[in-house]
Structures are given as C-alpha cells and as structure tokens.
Amino acid sequence: MKKFLNNVDHMLVESLSGFATAHADLIEVQFEPTFVIRKQKAKNKVAIISGGGSGHEPLHAGYVGKGMLDAACPGQVFTSPTPDQMLAAAEAVHADKGVLFIVKNYAGDVMNFEMAAEMLSFEHATVYTSDDCAVVNSTYTTGRRGVAGTVIVEKCVGSLAETGADLEACKTLGEKINLRTSSIGAALTSCTVPAAGRPTFDISESEIEMGVGIHGEPGRRREKMREADAIVSDMVAAILHDIEAKQLPLNGEVLLLVNGLGATPLMELYLIYNTAAKLLKEKGFTLARSLVGNYITAIDMAGASMTVCLLDEEIKQHWDSPVHTAGLRWGV
Amino acid sequence: MKKFLNNVDHMLVESLSGFATAHADLIEVQFEPTFVIRKQKAKNKVAIISGGGSGHEPLHAGYVGKGMLDAACPGQVFTSPTPDQMLAAAEAVHADKGVLFIVKNYAGDVMNFEMAAEMLSFEHATVYTSDDCAVVNSTYTTGRRGVAGTVIVEKCVGSLAETGADLEACKTLGEKINLRTSSIGAALTSCTVPAAGRPTFDISESEIEMGVGIHGEPGRRREKMREADAIVSDMVAAILHDIEAKQLPLNGEVLLLVNGLGATPLMELYLIYNTAAKLLKEKGFTLARSLVGNYITAIDMAGASMTVCLLDEEIKQHWDSPVHTAGLRWGV
Amino acid sequence: MNSDTINHKAAAIRAAILQHEADIEGLDREIGDGDHYINMKRGCEAIVGIAPELEALSAADALNKIGMKLLSTIGGASGPLFASFFMSMGKTLKAFDNITTKEIALAFDAGVQAIMQRGKAQAGEKTMLDVLIPVSTTFKQLVEQDKSAKEIASALKVVASEGLDSTRNMLATKGRASGLGERAIGHLDAGAKSCQVMIHSVCDLVLSN
Amino acid sequence: MNSDTINHKAAAIRAAILQHEADIEGLDREIGDGDHYINMKRGCEAIVGIAPELEALSAADALNKIGMKLLSTIGGASGPLFASFFMSMGKTLKAFDNITTKEIALAFDAGVQAIMQRGKAQAGEKTMLDVLIPVSTTFKQLVEQDKSAKEIASALKVVASEGLDSTRNMLATKGRASGLGERAIGHLDAGAKSCQVMIHSVCDLVLSN
C-alpha cells in the first residue's frame, strides 16, 4: 500500500482538517464527535443530515452547504458513523422544522442512524437510499445498497428543504427519487482500506467485478474483462431491467451520472458516458441532465458506476437549483 | 493494462464525443481537425485558445466556457496537438480582438503552437506556462515545464479577456501569473499510456518519484517513500526556494492548489493540503484561496502536485470572477 | 461477577482479538469490506481505556457503560449490535442483587435477543448470531442442569466453534455479504469469528481459574 | 529520384519502424513520455496512406506534401521537426531540374538545418540531431568525393549507428528528457533511434538494388 499518509489512526482527522481549512468559507468541522456543518447555519428549514463511512469523498462532507446538506457525519473508513455523531450534528443544525436523515441502505448505517433517531428529541424522519440494482431486493436480503443515487437524493432534497418545505414533503421527494433511480458499478481493481494495508480483493488483468458496491465488497459476479462497449452495454441492460421491474416508464427525460470510483481517469468516464448515452437514446430516453466525474468513490478503486434517474419536472427543478458545496456547485 | 477502452485508436474520439454530449449546453466538439469551442461564440474579445496532449483531463477541454477558454485543441495522449487544429480553432473563435495561445512549455507544444502562430493571419500572442520548479531553468535546458499553474493562468486570463481587455493586457496578466506561480509534483505510481499498454516507469512500494511532470516522465529524483508530512514538507520547501530564487515576497496572500494526478483519493489530497497550509501559514503566508481536486492529471497516476500562486488584487479578482466550464464552475 | 472481573475479561478479549487479526481481517475482506478487525480493535481499546471508570461501577452499570462506549466507538454494523448486547446485559443484571452464573446466562440471552431485534436477524443468516444463539441456548441449558462453571466453559467453546463453522455453507441474507448471493458460500462470517474468539477467551479465563 | 521511389522508401521506413517498436517505445518510456513509437507509427501510416496522391507529384512536391501531412498527423516534438525536415527538403529540390545523389545530399542538409532551427538545438543535446547532423556531414563529403550510391549507403549506416550510440552518455538539454538532469545518462535518445532506423532502412534499399 502506497498512500499519502502519516498514521492510519490520524488520517481521517488530518484529512478533515485540511477539508476544513480549504473550505473555511463554506463549512466547519467539529471533532469528538466528528461532524461537518455549514458555516452559516440555515434558519427555518428542515435540517438535512447525511453520513456514512469515509472513503467515498466528496460524499458526504463535500455536499454540505447551501442547497444541499446541513450536516454530514463521517465515520471511519468504510465504517458507518456512530449515533453520537448524528445526535451532535442534529443538535447543531436543527432549525425548528425537524431533521431528515439521508442514509445509504447498509446494515451498519441503518442501525447507527436508527439508534440516533431513537435518541433524538426533535421531530425526525429518514430516507434510505437503495439505488444499486446489482443486489436483488428480496425478503431474504438486507436489500439493495445505496450508491451514487444518494448524490441525486441529497441534491434535490436539499433544494426542496431550502424552500421551507416540511419534513414530510422532503421525505416524500427523497423516496420518490430513490425509487426512480437505478445504479450499477463495475470494478477493474480493488480498493485498499488504509488500515488493512492491502487490497480488499485480488483480481487479475483479465477480470472485472460486475455489480460491485462502493466498499470493495465483491460484486455480484466475477466476469471476463471485455471492451468498454460490452461492459457498458451490460450495465445499461441491468439498469433498464431494473426500471422495467419497478414498472417505471422506459422513456422520458433522464439524468445520467457516470461516476468514477476513485482511480479512473475522466477520459474513460466520458468514453463510458458516450456509449451509455447512445444506448439510452436508442431506447427512447432523452438525456436531459448529465454528471460525469468522481462524486462517490471507493477510495482508490479503478472502476465506474452508472446511475440513471428518471426525471420529472419537480426533480429537474431541484436538480437545477443553486448549490454551493465543496463537491457540487452551480448557480452561486 | 486495464482500462474502459474499446480500441486505443478510437479512444480520444469516443471520449470527446461523450464529453460533447454530456456538456452539450456548454461546448461543441469538432473533428478533423479536433478542437473544442464554446457553444455560444463570444463576441468582441480576445480569443483564448489552449491545447496540449490528452490525458490531463479536465485540462484543457474541461476549461472551455464562459470566463475561461474560447477553444481547446486536444492532441493524442501525451502528444501535443498539430498546428492545423490550432488554426481551425482560431478561425472558429476569433472575435476581432486577436488570439492568445496559452501553451505549456514543452518542446512539442511550443513548436506546434509556434508553427500555427506563423501561419495565423489574425493578430496573435502566446503565453508560455512554466511553473514546474522541479526543473531548473537554465540556458542549457528547454526550461521549466508548464503544469498545474496553467489552470490558474487559463482561469484568470480568461476572466480578463471577458472584460474586453486587449491582447497585450491578456498576455501581460498571463505572464505575471506564470511568474508568480510555482508547482512541484510527486508520484507514487507511474501512469499507463493506453497505446503503450504498460506503465511508463517501474517503481517499487518503497519509492516515490519527486519532481515528476504530468506525462510520466521520470522526475528529478527517485526517493524513499516516507510519511506524507515529510514529502509535503519537501514539496513546500522546493516551492519556497523557487519563490525566493525569483526574488518574490515570502509572505502575503496565496492560492494553494493541491492537485491529484488521476488516481489519488480526495482524502489524501486534503491531507496533503492540511500539512501544506500549516507550513505556508507558519512561513507567514495567508491562505486566501484554495483548490483541491483533480484539475490537471497524468492519466491514472497516483500522485499529487502542489501549486502556490502569489496573489495580488488583480489576480484575486480574476480568480473569483464567474466561470462556467465543465471542469471549473462558480458564480454562474 | 463484578467490574474487576469485567475488566479482566475485557483485557483478555482484547488480547485474543489482536491475536486473531489475520483471520478476522481476512474474513471481512473476503465477503465484507475489510474493516471488521479494525472495528473490533477500536472497540476493545476503548473498553480497556475506560477500565478505571468501570472499576467504580457495579457489574450491571459497567456492562451498560461498555455498551454505550462501544456504540460511540465502533460504528459499522457490529457497533450497534455489540452495544445493544452489552446494554441489554447490563439492564438485565440490574434487576438482580446477587449475580451468579444463572443470572449471567439470563443476561447473555437478553443480549442476544437485543442483537436479533436490532439487526432484524435470525439464526442461519450467516452472522454473529450463528455463534451467539447456540451458545446462549447451551449456556441456559447447562445452567439449568447445574453444571459447574468449568464444565459450561468447555462446552460453550465447542458450541461457539461449531456455530462459527456452520456459517461456512450458509448464504448470507443479512449484512454486507448479502449482496453476494452464492459467492458468500464457502467463507466463514467475520462477525461470527470475532464472537467465537471472544467467547473462547472468556471461557479460557474461567477454565484457568 | 521520383515520387515512385519516394513511396517505395516510405513503405520501407514504415516496415522498419514497426519492426523496431519495442526499442523505440522503450527508449521514450525510459526518459521521455512513452509516445514516440506511436507518433512515428501514426506518421508512417499517414504517408503510406497518401501514396496514390504522391504518385501524381514531382519528387519536390511529394516531399513537401509529406512534410505537411506529418505536420498535421504526428504532433509532439517530433512532428514539427520531421515536418520541417521534409518541407525544407522539398523546397530545396524544387530549384533543381535534375535530381542526383548530390542534390539529395544538399536537400538532406537543408532538412537538417530546418530541424535545428525549429528546435533551436545543436549536436550534442541528446536528440535526433545527433544522428542527423553527422549523417548529413558525411553524406555531403562522400558526394564531393564522388562515391557510389552503395558506398555512401554503407558509410551512412555506420555513421547513423555511431550517432545513435553517442547519445547514450549525453546529458539531455533539449526535449522532454532535459528535465532529468544526470538521470538521462546511460539511455539512448528515442528520436535518434527512429532516425537511425529510418536511415538504415533507406540505405538498405539502395544497397539491395
């Protein structure tokens, strides 16, 4: 393992301190417990709080700011944060209209946020994101994982909250977007968790992991490495299949997010985007919005995920509204 | 080599096509010859054109748009573009106030832009960027290389041009910023040029390349891998030494850019930023502006570069002004 | 049981977890996300770190405090689960004046129930519960049968190991590995391994007395 | 010389470059950026691709056309340099009605001068010029001495190889390797290698006639 690193145990604090200094105009970082809040506390709105294991930067701390999150709770690398972080963050940012937690659907995140919610004295609700269609939803599993769709949920729910909408409305929008969003990931290499010091999985030059999550968990299948178009076509097919299974329309305007998992050059992401956009157009979709880059990563994994969100006027409006965070910025 | 790739020969076209689709609201891509221009041609301003080998994305195509470049000419991977590209781009974007080329100081880029300039019928000038202080400037070398400082030059000169300033003024600002900017890079791994199919250099788990450029050229020195603080401290020292050598002030406001070379997680970049910011503050500088992320890459290299630009009111104003490109966006 | 013996056990557990780093870390890498060992280690260090505070407390309060400390230290899936276990154990023991092996068995069972509730999981889902549920069942039975502490410790070690082994051929239907389908088969569960290691270390303490 | 023999030579050069892929590519990886082989290949393919167009032209015009084609095809440092070489050769030959080995030597020399001007470089800077300058000098001398084409070809092959070898112990003061300082010593220059390969392939054509 080769990383810019002093001591694994201090990595998170050092990195968050750098984040705090670099974006001192925008956010504030607190330690013990650890959470990130906007520099300017918002007033009279639902407080939107997310969090999860670190290693997915810019998610979530990079999305704290006007138009998106009020607070983020970063856990240890790939380990969900602890309830005291959520409680302290909620205490710091609640603004008399309740607290909405946005939680990626992983056992750890779910349970820690649940325990925080049970201890919380403010009105609160939770949106669980579960856009990863690599994992089949069934009563026999913990259910689908939350991956890159989370960024879209955070952006749009953050926008709605900014209008003064109530807790129920924010939750409803979050759940609608989650339902209308499907993602799938493919990894060319494993990531290396700093504390572990070596790659989470071994993979040869001629293999890929299809349906991989964002923690270096093995994917659904180990497949033969193929040319990009073949991989992309399988990814698009999985997403279309998911949209169909959810009985949602296979046409209309979509947001296509091609997300890098950490070590994939932008040139490859745009190449993936190119093929995916063509296939979606052929199918009858309109590419109304796009996002290409590293928005939710798996440390240093070479790989990419693809996310399709079926837009409607409400989602589009909240996607387009001004946002000013370290990781997403427009209109300000 | 494992990449999202169909055919090495088509990679650039496929990737640029994806870029064109994803940012159709912002830019237009032309082929044969290849160049990228703004969707809305600017009027009555100096046309700012840059270009260089591909593999550094988002540079340069990612910086085409309002407030920055009028056009970018992407060459093959790590190979400077050819003069016909610059001529066609100039033809497409010139707006009666002349053309300014912003060129990173590499033999290939210099000669190709020079030949284009010789053939150009419009008024023109060229700013060469040479911020890499790893290479000692001497009459016996081609001189310092242009690296991440180029982003700052493109941003600020682009902003000045937007005000209607003339060619001379744009060139003067570009040269001032270049003089006031110092960069240095460190690589943990090599990059892999797709056409070559294997890493440009071999490097062990216990080594780093110090003073590396953005093309996988070997750096100035092969060094022992050390903890991040030791590496960062050497990088800051090299930059301070350069500022001193240029007889510029070792205090005042600076912009600190910590740039990822392609495969380095944001978490590590912020950790580097944290230490660099501390050291610069101790030295007496004020961290007035910051940028942390992948802004000029070396394909899939794990590594980072650090850039310090000594600000003044003019540079600050042009750094802060609105910009709307695929790679940098604020104020719009 | 008092807080002294609790600290003693915590130190033993910590040593045992550190000793099994490779196993525990490796298992979570195979079908999880590779952080379970470091999570366990962080939890153990935190508990050993509050030993002086725990000394001042009753066994019930000490266990509750351990649970709360784990809750704010471990994170991940295992954090709330182990936290729930100890908080529930503490709460159960609080009702008793005199704590004998029988009360401990009852509290252990309450802890396991708390894990099941928090994680909405059963036996057979390839989790720590596949060690904890059979251990708890046997524990209660042997106490009913008035077995000696050493007899119980010996027996529980066997049951814990069997429980761990049983996870090998299970499909995972809870936790991170549940995304893997058939691919999880053939691997032991990391959380089950930690539980087996912890139970063995505590039983070994009893056996060496 | 006519455009037919030019196409013949271009095909031979292309074959020779492809044959030396490993060497050329490896050298630019060692102290450059690894693209020199692919640049050369792209240039060669482009020239072979316009063979039909070249056929219709005089030798002088064909060489000029080759230069222009290379200019818009290769890019990098070598693109404008090889382009300048051929355009300058074409321009020089344009002045002559009858093209013999003597005129070719003159044109070659003009081409080398054009490279020196474009790249602001001299001999001894670890570039392609360390092959081209001595080859040009010897070429002119041997023509003065009225040597036969075969004698000249044999001699130039030797000079080209010596020129290439001479780059090994040079510091690079031009091109990408100039950032490397002492580290460039011990490596041959990639552009010098391409030139040696191209000169050998053309000389071999002459020798096999």
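First chain written, first letter: the chains are A, B, C and D, and each begins at residue 1.
Going forward, a contact is a pair of C-beta atoms (placed from the backbone, for glycine too) under 8 Å apart; a residue touches a chain by one contact, two chains touch by 3 or more.
Keep in mind it's a predicted model, so treat the numbers as computed, not measured.
Q: If you apply the touch rule, which chains end up adjacent to both chain B and chain C?
A: Correct list: A.
Q: Among all other chains, pick the one whose mean CA position is farthest from the mean CA position of chain B.
A: Measuring from the centre of chain B, the most distant chain centre belongs to C.
Q: Roughly how far is chain C from chain D, centre to centre by C-alpha average, rounded to an integer in Å?
A: Distance between chain centres: 75 Å.
Q: What whole-number Å value describes the gap between the mean CA coordinates of chain A and chain C?
A: So the centroids are 32 Å from each other.
Q: Taking each chain's centre as the mean position of its Cα atoms, how many Å separate chain A from chain D?
A: Taking the average C-alpha coordinate of chain A and of chain D, the gap between them is 54 Å.
Q: How many angstrom lie between the CA centroids of chain A and chain B, rounded to a whole number?
A: Chain centres of chain A and chain B, defined by C-alpha means, are spaced 29 Å apart.
Q: Hunt down the residues of chain B that sit against at least two other chains at once, touch-wise.
A: none
Q: Counting only chain pairs that touch, give me the topology of the graph as line, ring, star, complete or other.
A: line
Q: Can you work out from the touch definition every pair of chains that touches here?
A: So, checking each combination of chains, I get A-B, A-C, B-D as the touching pairs.
Q: Once bound in the complex, which stretches of chain A touch chain C?
A: The contact residues of chain A facing chain C are 33, 53, 75-84, 106-108, 111-112, 114-115, 132, 134-136, 140-142, 145, 193, 195-196, 200-201, 211, 213, 215-220.
Q: Note which residues of chain A are touching chain B in the complex, please.
A: Per the touch definition, chain A meets chain B at residues 1-7, 11-12, 14-19, 21-23, 54-55, 57-58, 62, 188-189, 205, 208, 225, 227-229, 231-232, 256, 258, 262-275, 277, 287, 290, 292, 294, 297, 299-300, 302, 304, 329-332.
Q: Could you please specify the touching residues of chain D with respect to chain B in the complex?
A: Where chain D meets chain B, its residues are 25, 29-35, 37-39, 42, 71-81, 83, 118-119, 171, 173-181, 183.
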